[in-house]
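Think of it as A, B and C in the order they're written, each chain with its own count starting at 1.
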Amino acid sequence: MLLQAIVNGLLYGAVYATIGIGFSLVWGVMNIINLAHGSFIMIGAYLSYTLFSAYQVDPFLSIPLVMAVLFGVAYLIQRYLLNLVVRGSVFITLTFTFGLQILIANACLLVWSADYRSINLPYAGLGLELGGLVIPYVRLEIFAVALVLSGLFYLFMRKTRVGVAINATALNLEGARTVGVDVGQIYALTFGVSAALAGAAGALISPIMSINPFLGGPLVGKAFVIAILGGLGSTIGALVGGLVLGLVETVGTVLLPSSFQELLGFVVLVLVLVFRPQGILGKRFYE
Amino acid sequence: MKRSPLILAGLLVLFALVPFLLSGFWVRLVTYIFMFSVLASALNIITGFTGYAAFGNMVFFGLGAYTTAVLMTKARLPFPLALAGAAAVALVVCVLLGLILLRLKGHYFALATLGAAEAMRQVVDNLTGLTGGGQGITLPPLRGKPFLVNTTFYFLMLVLLILILFVAWRLSKNRLGYALKAIRANEEAAGVMGIDTTRYKIVSWCLSALFTGVAGSVYAYWFSYIDPPTVFDVMWVVKMFVIILIGGAGTVFGPVIGAFILETISELVWSRFINLHLGILGTIIILVVLFMPNGLLSLVGQGRGLKDVLRSIRTGENRI
Amino acid sequence: MSAIILSGRGISKTFGALRAVWKVDFEVKQGEILGIIGPNGAGKTTLLSMVNGTLALTRGEIFFKGQRISGLKPFRIAELGISRTFQIVKPFPGMTVLENVSIGALFGKDKIRDARQAREKTRSILSKVNLQGREDEAVENLNISERKRLELARALAMDPELLLLDEVMAGLNPSEIQFVMDLIKQLNREGRTILVIEHVMKAIMGISQRILVLHHGEKIAEGNPAEIRDNPDVISAYLGQRYSRMRGSHA
């Protein structure tokens, strides 16, 4: 039972990592806590659902398209809207992204209604059986794709010109400006990448979760915890944070009554914030 | 912002007459607006004056509501005692939370308080023996003719509003207010100049928590039914933030003005476009943050036209 | 024979492997003006920050009027009668000049309770630093010289027995520097002890009764201005060993 929970936790944790990486990126680079991140995930999930129900496209195959759409939408939002308030206080940016979130949620509500939607894959019930453990193929696929995405992101940030520019802007805004980096453009690209990852995460969870427009909120909460646990500015940190969260959730359900999970989560969060604000792997350079 | 005492007195008289002039629906609506004014003003103390964005301030509202409900149903206490109990609980929890969380800054503080509110919601949800869990609690209602009941709660909220406006007004002038403003402006420099920042931050949050908790208490008695999702609703805090933005953070009357504006729009929209409610609220939020981050009055006060407003967005202090 | 108002023993501050301040001993007599000089990065500001509590000591102790203050929070130290200015000025944004300085009166050593009383005291201080008439202006509108004087006024409003000044003359023109020099001497005549960090050599030599020299975090010399001027270690620290040897052959 426990072992199954651990396996489930790890498998799911990879998706959390994908959610956390994008969220942490925007926070680290622009100091914006994007409360709309969850709604980006939902858009991804809904797009996947639509492609599946209308054209029978397997959700995993829809990922590139979903990512592209979300990248485009988010790029425009950042470029022409968010860039206007990006230097505001916590108060300003949190409120703004909250407004964005409910706007998007309402849009999803209009298009897809409040009914729970789900994707039933033909191979949903199949899986590996090792010893007493059950590992559904779907979850394995999710895990694999999530890892690949994380790896691609890591390479993107280290090896591509854009990635390096984003890093530079995060570390030293003035310095980046001085060497000719167009900060507005970089921010837009960053937001786009973050949303693309969120969309991919949405597509990944669409086969295993019932979708409704209001799941975005709790997901942002998780993204926040992952970002804190793993530490800002670290892809590997977000990965670790995601896996840890996945584990804590599944193992926690086995060991504790589910009633007090949020309380436990809150206590852990506060402990981390007070005693090790840089998280497990992060560096303290984002204040 | 200097207002002639005459205008204030006039407004007070006007508001006092409302229950006798308008129907029950309007009285209840204005009472609701008063409540949001109180909540926004309370939030303004810790956020607008002191600079700590308490995204989870609803935790005190919920605690106030539930303390009152439990005391009135389980301990069969009369409302005044239950109210006192709610105030006490809010204060105690605030001190405890404050000691731990007020050392966090910026986003961390904001979201940690949100975590606290969510955790509290879940705890309340799960202590079914005490709180009825997801079923909520039904309080013994105030008995009497609808007119009397409406009017009682109307004046209860109005008195609460007057009290907190008085506190806010004093804060804009007195020593405590100076300390809070300094903390918001530059906490490190404030410390160097002799301000015990920890103590003042806690005092500030406790003032905020007190009024928020009492408002929750009155709300519980007024609506006679509460459940966790309603009294710990994070949407309320966001509305409070928007109200503060519209009215101007750190001002005395801003939250009241903002509450009236937002709730009026909300009422108009709700009755006609229920399924667009969220979207319109979201759009309002975005527009307010873009166009008037310093409050409506900063926009209107200098007699600026639309062109000036648009230009100010392009050169605004919050943009890249 | 003057009493010792401030003393530090074995003061060290390390950041990881970096020794910002290392094993410094010093004493400040009541009523004197002590200058602190040294090349950039010598640890002068770090030392000052440890006195007023902004930075915690890694090792060592600091005493003020016989009471141990190392380890106290900055606001406690401020209440005891120590105030400072910052090298990079930190005025309170969004507040007026008067409000900024009033904070000092309200929360400094005297802890004036009444806001109006504090504002009155503030006005007299503002005229001392030549900012009278600017009470209601937003601090954002002040130029660098005015901001430096505002910073000084804020520290003064706290009615300090010990005043710590960190490069208060940087960025000022000669007449402004003279004004500040005269002001410091006047404050000293009022009975205040003053620690001054400065790079403007003429100024600090002109007002200090004694000078402390730091280099790479360590105290390398101490004495009156004349002694310091001719001290070969000091010259070497600022100008390099070859120059020092050159000068040595002159003397």
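The criterion applied here is as follows: contacts are C-beta pairs under 8 Å (C-beta built on N, C-alpha and C of every residue); 3 or more make two chains touch, one makes a residue touch a chain.
Remember, it's a predicted structure, so these values are computed and weren't measured experimentally.
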Separation of subunit C from subunit A in steps, with touching chains one step apart = 2
B-C or A-B - the one linked by more C-beta pairs in contact = A-B
Between the Cα centroids of subunit A and subunit C the separation in whole angstrom comes to 50
If you average the CA atoms of subunit A and of subunit B, how many Å lie between those two points?
-> 31
Return the distance between the CA-based centres of subunit B and subunit C, expressed in whole Å.
-> 44
Please name which positions on subunit C make contact with subunit B in the complex.
-> 52-54, 73-75, 78-79, 83-84, 86, 90, 92-95, 99, 102-104, 106-109, 111, 113-115, 118, 154, 158
Subunit B partner, complex, touching residues on subunit A are 27, 31, 33, 81, 83-92, 94-96, 98-107, 109-110, 183-184, 187, 217, 221, 224, 259-263, 265-267, 269-270, 273-274, 277
Contact set on subunit B toward subunit C in their complex | 173-175, 178-179, 181-182, 185-186, 188-197
Residue numbers on subunit B that touch subunit A, as the complex places them | 47, 53, 55, 100-101, 103-104, 106-108, 110-112, 114-116, 118-119, 121-123, 125-126, 234, 238, 241-242, 245, 249, 275-279, 281-286, 289-290, 293, 313, 316-320
